[in-house]
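Once you've had a glance at the structure underneath, I'll fire off some questions.
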Amino acid sequence: MNVAFGSDNHSGVHADILQAILECNKGYAIAYGDDDYTHRVHDLFKQQFGNKCVPFLVYNGTAANILGLKAVTDSYHAIYCPETAHLHVHECGGPEHYLGCKLIALPTSDGKLTRDMVKHAMFGVNDPHIAQPRVISVTQPTELGTLYTVKELRELADFAHTNDMIMHMDGARLGNAAAALKTGFKEITADAGIDVLSFGGTKNGMMCGESVIFFNHTYARQFQFIRKQGMQLASKMRYLAVQFEAYFHNELWRKNAEHANTMATLLASELEKIPGITITQTVEANAVFVILPPDLLKKIRTRYYFHVFNEQLSEARLMCSFSMTEEDIMAFIQTLQNFLKKK
Amino acid sequence: MNVAFGSDNHSGVHADILQAILECNKGYAIAYGDDDYTHRVHDLFKQQFGNKCVPFLVYNGTAANILGLKAVTDSYHAIYCPETAHLHVHECGGPEHYLGCKLIALPTSDGKLTRDMVKHAMFGVNDPHIAQPRVISVTQPTELGTLYTVKELRELADFAHTNDMIMHMDGARLGNAAAALKTGFKEITADAGIDVLSFGGTKNGMMCGESVIFFNHTYARQFQFIRKQGMQLASKMRYLAVQFEAYFHNELWRKNAEHANTMATLLASELEKIPGITITQTVEANAVFVILPPDLLKKIRTRYYFHVFNEQLSEARLMCSFSMTEEDIMAFIQTLQNFLKKK
Amino acid sequence: MNVAFGSDNHSGVHADILQAILECNKGYAIAYGDDDYTHRVHDLFKQQFGNKCVPFLVYNGTAANILGLKAVTDSYHAIYCPETAHLHVHECGGPEHYLGCKLIALPTSDGKLTRDMVKHAMFGVNDPHIAQPRVISVTQPTELGTLYTVKELRELADFAHTNDMIMHMDGARLGNAAAALKTGFKEITADAGIDVLSFGGTKNGMMCGESVIFFNHTYARQFQFIRKQGMQLASKMRYLAVQFEAYFHNELWRKNAEHANTMATLLASELEKIPGITITQTVEANAVFVILPPDLLKKIRTRYYFHVFNEQLSEARLMCSFSMTEEDIMAFIQTLQNFLKKK
Amino acid sequence: MNVAFGSDNHSGVHADILQAILECNKGYAIAYGDDDYTHRVHDLFKQQFGNKCVPFLVYNGTAANILGLKAVTDSYHAIYCPETAHLHVHECGGPEHYLGCKLIALPTSDGKLTRDMVKHAMFGVNDPHIAQPRVISVTQPTELGTLYTVKELRELADFAHTNDMIMHMDGARLGNAAAALKTGFKEITADAGIDVLSFGGTKNGMMCGESVIFFNHTYARQFQFIRKQGMQLASKMRYLAVQFEAYFHNELWRKNAEHANTMATLLASELEKIPGITITQTVEANAVFVILPPDLLKKIRTRYYFHVFNEQLSEARLMCSFSMTEEDIMAFIQTLQNFLKKK
């Protein structure tokens, strides 16, 4: 069973990341982040995200989302997100449990919130019976593989700030967004009005390690307690820190992400050539959503492991990663074509 | 600044562990633990802890403690632990926050609970005003570097089970205990009546990765949801799994732990030779608690980073690890003696 | 400003209820429910709801909903409810905060869930990333003033139980439902497959006091702790208990509820006679949902306080209560007509 | 079984309170506190507690404590209280569950914290592993029937404020304290540096109804959401409000409290005359703690219901209330003497 398209976290670790881990494995280092490696990587974050960023390393993306939001919410707050948001669908109710907040999941066609959607959904401000609007949460690129432009983000952020709300971004695959938009990280986060960011590396070549980045010192002030209480303060932190260092070095993140994005584009263009197959979302990053004839879907799943996004529509999600090759893509296409011929 | 004695997690990663990580870095693997590496290591856990054990990998010890307890408690329960318990003192209130439970912290001289202590402290069973006794939590070895004998554990566990309570063990350094007691893991956990175990490897040579082990299938049944909701389901799980595999292989854990324990014994015996210095806890594992004259303490801290356990008593905690050498120990002793001479 | 139609809890307390309070005000009684009045009313609950019911008194409906659900959920569970549910909209996120659960709010036209709606919405059973389906929550009568038939409830309950789920009913106005359906309480709760019920009296003539009723001893077992920890164990419980006693006595509840329902029917039939006014929901209990011309709505709100249910549709909610008179209804109608004439 | 001494909430409701309830039972009133009765009583609170007070009515004392603290804490905070605190012992772990905070319960001989106790116990400020000191919680009068002087409170409050902490008072029986100290409410709360107060009336003649009072607008700002989410927003609020109105009117509270205090003094002085009986706490309010010979304790409990405070010491707690008479006291004494004679 080929699992390559299941998710970009089915890939292994990029050689440069592993090398960095090997190199830092000497001598002793104070635990829990008070070490030279971690101090150094904090500076690198500032280079990437701007001087006002305050970064904290955590283990994984679910934690980055939930704990980042903990710093800016109280239990009677509501968080607006698209109904496809990882935060809403795939964190086993963790946000509700840990934050106490209500998630208000809005339907979208492409995984992207707009100002009007949020505006229309908001109600009950200052009514004690109603969970109070507090956060707009977007994912970049979205769970449907689409992208917000900087202008779209800015519009949402302006709306949020005008309404005393916070702008949160789930950037588990932020590298893929920056690569696709041909920007750095700062332009699509700090400069677009994001207040709290989950910034991930695992899906783009790291072993484990995500981060929470605040673009406002006030929100960051108590986060050291939130992280520890939230079970996400790594003892041997240097091994997380050096992964990010290698990730930033020479823009490894961009190379990996560009490659994954290119593979997705190739995959989509090859799929489109096959009659009866429909690409359902614009391919802007490294995900391809595609409707296959039901029996073709069934057959290809005997050879390839991936997620069926919508069983009723026979719609699949195919993720491309940094380690995938053109041969991998073409082998998948060939397998599909073989199944079609045999039919 | 030499940080070697600060904690056993100031050490790096054992070469065998790193090698295992390197070797598993090939090809794709299904994320979130449904991969061959993880399946295989689950079998190894059964070899080590007995067939009825159900293991789950998590990132760190705080999570192993809190999430393991979540599986066996409800919010109106009370957890009895020694007042030195990591669970009580050093997890930033995480257990209260995540479990809702009340921690009842009992004073001890050596970090060890006894049946009589718990019996004496328990009250209010079936009284709705009172948080209901549910868990006895012990740490093995204790936070004071002492050990429970199997008989002592058994006595506590019998008391727990007779009173419809659960026996929890924080085994962040369980290797050091098994090495010191010259047993395997099963004898001091499953066979001693433990129901839920936090079993750690990071402090004994791993990079990161701890585990929750249930010795009763019923408690384990919903834990996959608890782990995910609890922000502790690793995506690239194989890199945790192979660390444990290497840790178990040829009893690497025992070699590392025995070495750390031996270094602690050496350190204590050398310290005892110095006039004015008092060892305050029996050295049974890899921790040495020692009272130094206040100005000596002050001076040695200019050269060595470690925790002052009790400021008023001028009592320090010195941790020994797998990577420490006799030379390290003797250099520390020599530094102390030099300070004493200059006085 | 006439506030009569704002809600049925804008009314005062029925004279019989007050009388019962006065009469129990003699001598001492053990606090927290261990008194004769409370014991006696528990027996009365069994007469009303069947022998297997286990009742607990609490202060209000939000608590009855949340604490009742706490007894049957864990934090990784999902609760399915209509998107109009009080539980979802009007409890300030209390369920998410107190239970940790995810609420999955389904769109309906009439406030009523159907088996197919729930079936269609359910997904991810046994997938650790997904909050696990656990409860179907219905309100009887619904927040839109409509009723479930016993058959509809039974169908939902069968579906719930087949899928290892719990059937919860918010019965804040259960008296209005039983009066309208011409049944007792048992037929539309225990006999219809309800597992956990919030049963209210405040909206139908009591001063304060609601209850949680379990129809399965297992779910009730730990509820005494849940109620106390949940801040809902009344000290002078007798004053809650005797209210329920008077409420049950000679079916005071039915008289009050029938009257309120009749007033709603009258109100609706009179409103329907007015051109340009549309009743939007079948009037089956004591609520009338009605679309008024926007400027008429604006004018009538200068004289009457009530809730605008849908600002964009110019749709109002008018609640009738036990204390409302035909004259009250006709005065409201007259006021509307006067406004129309002046136009 | 005579239950008079069990607790002051075993008494009924004072006639003036009931009368106020009867009188407000006319017509309609907007629910949830937006009614004239509630607005009026808020003004009365300001008269009693000073103009900067912001009061909120809730149902009971456990809620007043927990929700008041919710307004001033985050989950990583620690609350210092005496180990006899109701908050710690008798709320079934509600504070831990609802706040997430750690309670640090300090041993005292008389139920009173001192600055030095708190100072000595505090540690780990700014250390992310440690729950951060945030609240000092005192009970006035204490759970042992003793009183803080204004000076003692001031000293604790100054210490709290100097250390960026909040001063919380559980005033479930505040009337008894003010009556004993011959002050008004303001002198022993606002003027003594209290930030958040639970102010109760139920134990001194009300039916139900407590309040949370903030002496700083900042802390009060979000409390309307906390109260609703916390299941403590009463719908027919007027019936709570008028109880407080009657309670304040002509200082009913003081008359009731003075009487209860006097009864306690009488009870203690009569008990002291009996050989073999020891009063264990200074009787400063309406509680008497007394050691009785074990078999006398056993016998008197066949006639009188009350709490044994310390089983091992044969120490009982006898509470006096507003409704108790001298005859009640003397009958109790007589019963004791009869038992002694028969021996």
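By letter and in written order, the chains are A, B, C and D; residue numbering begins at 1 in each of them.
In this text, a residue touches a chain if its C-beta (ideal position, glycine included) is under 8 Å from a C-beta of that chain, and two chains touch if they have at least 3 such contacts.
Model, not experiment: these values are computed from the prediction.
Engineer: Looking at C-D and B-C, which pair shares more C-beta contacts?
Structural biologist: C-D
Engineer: Could you work out which chain's C-alpha centre is the most distant one from the centre of chain B?
Structural biologist: It is C.
Engineer: Express in whole angstrom the distance between the two chain centres, defined as the mean CA positions of chain B and chain D.
Structural biologist: 42
Engineer: What is the distance, in whole Å, between the centres of chain C and chain D, each centre taken as the mean of its C-alpha atoms?
Structural biologist: Here chain C and chain D have centroids separated by 33 Å.
Engineer: For chain B and chain C, what's the span in angstrom between their mean Cα positions?
Structural biologist: 50
Engineer: Which residues belonging to chain B are in contact with no fewer than two other chains?
Structural biologist: As it turns out, chain B has residues touching two or more other chains at 75-76, 91-93, 97-98, 128-129, 131, 225, 228-229, 233.
Engineer: Sort out for me which residues of chain A touch chain C in the complex.
Structural biologist: My answer: residues 75-78, 89-93, 96-98, 100-103, 128-131.
Engineer: Using the touch definition up top, name the residues of chain A that touch chain B in the complex.
Structural biologist: Residue list for chain A touching chain B: 2-4, 6-7, 9-13, 18, 21-22, 24-31, 59-63, 66-67, 91-94, 97-98, 202-203, 207-208, 225, 228-236, 239, 305, 323.
Engineer: Contact residues on chain B for chain C in the complex?
Structural biologist: My answer: residues 32, 74-76, 128-129, 131-132, 222, 224-229, 233.
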